[in-house]
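In structure tokens below, several structures.
Both of the next two complexes hold chain A, though its partner changes from chain B to chain C.
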Partner chain A sequence: MVHQELKEYVGKMPESLLKEIEETCPAAKIKKVAKLVFEEYENSKISAGEAVGLVSAESIGEPGTQMTLNTFHFAGVAEMSVTKGLPRIIEILDARKNISTQTMDIYLNSPYYKGKDVRTLAMQIKETNMDSVVKEFSINVVDLKIDLILDTEKLTVLDLSSKKVQKILEKALDKTALIEVKGENLEVSLKGKEKDLNQLYKLKEKIKEIYVGGIKGITQVLPVRRKEEYIILTAGSNLRKVLDLEFVDGTRTTSNDIHEIKKILGIEAARQAVIEELLQVVETQGLNVDVRHLMLVADTMCSSGELKGITRYGVVSEKASVLARASFETPIKHLINASIVGEIDYLNSVVENVMLNQPVPLGTGMVRLITKK
Partner chain B sequence: MTSTKKFEINKHRLVPKHNLLSEKEVSQLSKQYSIKDIPKILVTDPAVEELKAKEGDLIKIERESLTAGRTLFYRRVVNA
Partner chain C sequence: MTEVYLNGSYVGDIDNKDQFVENVKNERRKGGIAEGMNVQYKKELDRVEVHTSKGRDRRQVIVVKNGVPLLTEKHIKQLHKNELTWQDLVNQGVIEYLDAAEEENSLLAFYEQELTPEHTHLEVSPLVMLGLIAALVPYGNFTQSARLSIGSKNQKQSTGLYAANYLVRMDMDVNLLHTPQKPIVKTIIHDFSNYDQHPSGQNVIIAVMSYKGYNMEDSIILNKGSIERGFARSTYYRPAIAEELRYSGGLMDQISVPDKEVKGYKSERDYRFLEDDGIIYPEAQVKEDDVVIGKTSPPRFLSSLDEYSLASNIRRESSVSLKHGEEGVIDFVLLTDNEEGNKLVQVRIRDQRIPEIGDKFTSRHGQKGVIGLIVPESDMPFTSKGVIPDIIFSPHSIPSRMTVSQLMELIGAKTGALAGRYVDSTTFNAEPVDKVKKELLSLGFRDDGEEIMYNGISGERIAVRIFVGNMYYLKLRHMVANKIHARARGPIQLLTRQPTEGRAKEGGLRLGDMEKDTFVAHGTSLLLKERFDSDKTTVPVCESCGMIVIHDYIKDKRYCPVCGENVEINDVEMSYAFKLMLDEFKTLGIYPKLTLENKY
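On to the complex of A and B.
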């Protein structure tokens, strides 16, 4: 609840300021302080006509020159290599569809986040092929059969049995092979009249690749302790499937693929993700960029309802002016296309007016004078 | 690994609160801002689908801002 004396400022000042005044000021001085804060707030507002985009570009660009290009790898340490530094910034700002390293942070529900069964859960998330649940493939050359000796420990983790594996194989091989359960193991033989060893070897390789469990797309899992809880880091990403899992905390689990976030959580979530990802890179590099700049960039990228990168195919292609588009990249292509369709340039923005040596609509150039007769 | 749970998009940390504006609120808003040229949001956006909004509706978004606490943002629903 807002203090009585602060009520008149609600809607005029940001909530965070009001809250801070209320928390830090003695009740007697609240009115005076609020007045001073309000004055200061009004003075620090950006004035109309200020080129905020330009300021942001400089404020992100300058520290960008100091960023390290190399990503570090630590030999022998259990960690995953994720794109960092400048390459990552470029990736985010371009809004690339296929990013170089996808990863997810999977948070767990109670009681699992305290470390209970994390390894098992991680194994359940990882995409598993036949190759990793079979201990041994032995080819019986005389009878032309393959004996699959199954890894029972792994099967129980994945909640599978030899019966279930048989079903999966039958479905995947589409009746080209005969699969029999022999105790805990399986025996695979070719169907049809022509049987030879070559085909059997091919079948073996085919079996290795068959998907048996886990979540498709997740190639590596790594349970780690972060602060007081255990989370699972992954290589590869599949938000939709992971968020539906029973033991996953669906409120905090995220991916670093912004397009995936946009698809599953919407454009507003994507905006938030862009800001967070940028901020994370900037902070890990030990640089200091104000969030407001990153927020502005994220807002421009998301304002059309779709994720648009700062590229000639994204944000720049939305510009109304031909000359402005031509001044960014591939000028000749833009000029030729514009002249073919007879585009009109209304000279409403900055770049085109600079080209034509006219006042730009910025600062004092934004206003016109009207005289009364 | 059978799961019946369906995750709720509104509860996710990254998703701010989306609200559909009523006609009265829209006319109120148009007095304050020029709402002709405001940012867009697609009808197919998961957060909009949840609200069952139609093309042309306005959506109010309550963001948790890093600098100003809670801030309001508006988007117009458009077809893809």
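On to the complex of A and C.
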């Protein structure tokens, strides 16, 4: 319930502001404070005809020029290598489908976030192949068999047993080989009449690649302590599978693959991810860019419901003006296509009008006088 | 068995590699084999490599035997008496040249005291690690290495006496300092290179202080009195060259005063300095656009038919004249032939350059600066002894650059000037500064070089002591007179009708993309339009087909080549570059139709 004195501002100011006034001001002064806040709020709004996009572009571009020269790498720190600095900014703004280093920040539910079993959990997330579960492959040349000596410690971490491994192998090898359990270990032999050593070697290599557990796509895991809690950093990303896990806090876990976020969590999440990823780069570089500039960029990239990069295939191709599109890369393509369909340029934006040497419809060029005849 | 390679190719095997290497070296020192040969034993490959090829970088060192250098006091005495030359020492095997390969097998000592029996060579002097120019920097071992490089780079750009025969030379773009002086603080290299025969700077008095903020950010303040007494005056020489070229069909250029009929004839005034041979006379005072060498060329495009026509006899003006903003005095005229036997005329123009705001100066320590202000002598600060500095240098240039050598030179030169002697500041081997300081103290000055100074304008005593002393200053060849450029209106390009580019063509200063963006960001839309009005045109456009129509100025009629005469035609204002673009669209087969709308 809003205070009596604040009623007239409902709808004119954000509710969070009203709430703050109510909570922090003594009742006697509420009216006066509200009036001042409202004035301040109105003043901080951007006026019509302000070139917000251009100001954003300059505000991001100018510190970007300082960035190129100092892309540091943190040597020796126990974190994985992630694309940083300008290359990362370009990657985000281009909305690349295949980013150079995928990572996830996996947050954990209680009680695990306090550090309980983090290593085990991490191992469960990591994509594991036979290669890492088997201690030793030995080929028995006489009997044409492969002995697999399993790493029992790893198996218990992954909640597997030799029986289960046998089943996985049988399924994967699709009955081309015979798998027998010998105590803790396995014995693999070829099925069929033609048996030779060559085939056995090939089989061995095939077995090494077989997926036994963990989450596909996650090639490295690293449990890290961030402030008071433990989180798991990964190389590689698979949001869908990771979010399904019981011990994962799905509300905070993120990936740095914006396209994946868009696919799994939707465009609003993708917009937020763009903002946060950009902000992270900007902040680690020790630069100071207002979030609202990044928000504007994220909005332009996501407003169509699809994630579009600031490239000639993305946002730029959406421009209404032929001339504006032609002035940004591949002019011939745009001009020919426009002439085929007979496109009309209404000269509503900046670039076209600069080309024609006409006043730009912004700032002082936006206002017109209409006279009565 | 060890393999032996000569210049990289295998020649044979030897049994005793140490003996072999030793023999080669001894034989070379004796003069038995070529002095330019170097030998190296490569341990990791177990092979001996002998090099005689050209292009190896080699350096001279003193040979050491059993920890004793072969160069003795006797040698040095003989050298002083000119009884011995450097080459004699090399021939005697006292000095030898090592290349990078042989150096690997040698143990060098920097100083004689460091010698042990293991050492094979002794460095001639630590100074040899520096190049000729870097060794000219005083107290080089007391400065940051980056500044040493910058300091030596700056010295290469200094004006001075660049050649003794400058009067009979035709150099392109050279500067000559009028009254160069020997540096008070000098190095041994100054002596070796006869620097006092061709100095390139002047000893001036420097005060390290601020003055009204006109020496911020590497600018310096100059005393007007010093300039009037001739400080840093220089002459700038520039030639004008014309050649009588031959063209096909026996036609050729002609150096003469052009006829009035000639195409492109300037005004009679422009040719006023030319004598009968079409060349200017020496000591003529010339300004921009004045013709220096009169020349006419045959018409440009001559088809065989035209050769006999009357029109083709009209020649084309191609005289050499002074460019925009240039001026000077004709110094020297030279008539000669070039390689092809064509007549060649060269005229040297001279221009006196008095220091002005923006001219560049430097000390020898990489502390360059431009003149920020020229102060009348009466307004300059002065010391309690009445000394007025020539230059005021900002103290902010010192801490971050760490040019300690600059401060040392200042004290050194002050002492030298007062004691009437030169101060040796050779890198690694300078006169100790403490000794110099004591001498300064004995001369009746503070040993730290500071003095009490008075404000030249108010006469008040300056609250702090000021670091004042002498220093060798160089005038660099970058002078504003060669660089200043501004334009309000001027020549335009034929194709785009936009202003030309560059100072030589009196071009405009480009307002680029990013500069344009700042206008947009400020919302100053009409200012932006005005800035881009340089190629503004008005074109008549047909209302029905939307293309540019023809305006026949003879009949004063406009008609559309597509729609005929009975259409509405309106004038549209646009940039000429856009009109060009529309034309290019048409060449692409694209129909750019303009739909007109009333602006109001």
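Some points to look at:
Just so it is clear, the second predicted complex is superposed on the first by the 336 of 373 C-alpha atoms of A that agree within 3 Å, B and C clash if a C-alpha of one lies under 4 Å from a C-alpha of the other, contacts with A are read in each partner's own complex, and residues count from 1 in each chain.
Here is the rule we go by: contacts are C-beta pairs under 8 Å (C-beta built on N, C-alpha and C of every residue); 3 or more make two chains touch, one makes a residue touch a chain.
Since this is a predicted model, take the numbers as computed values, not measurements.
Within the superposed three-chain model, A:Met301 lies out of touch with both chain B and chain C [touch as defined at top]. Of the two partners chain B and chain C, more residues of chain A are touched by B.
By the document's definition of touching, neither partner reaches A:Ile21: not chain B, not chain C.
Of the two partner chains placed by superposition, only chain B is touched by A:Gly213; chain C is not.
Using the contact criterion defined above for the overlaid structures, shared-chain residue A:Leu108 touches neither chain B nor chain C, since it reaches no partner.
Contact with neither chain B nor chain C is seen for A:Ala122 once the two complexes are overlaid on the shared chain. Judged by the touch definition given at the top, the superposed model places A:Asp159 against chain B, while chain C stays out of reach.
Contacts of chain A with chain B, set against its contacts with chain C after fitting on chain A, share not one residue. Taken in their complex, chain A has these residues touching chain C: 49-51, 54-55, 57-58, 332, 335-336, 339, 344, 350, 354-366, 371.
Note for the complex: chain A touches chain B at residues 14-19, 124, 158-159, 213, 243-246, 250-252, 254, 261, 263-269, 272-273, 275, 291-292, 295, 299, 302-306. Contact residues of chain B toward chain A in the complex are 1, 3-9, 11-16, 18, 39-42, 45-48, 61, 63, 65-71, 75, 78. Per the touch definition, chain C reaches chain A in the complex via residues 516-518, 520-529, 532-533, 535-536, 573-575, 577-578, 581, 585, 588-591, 595, 600.
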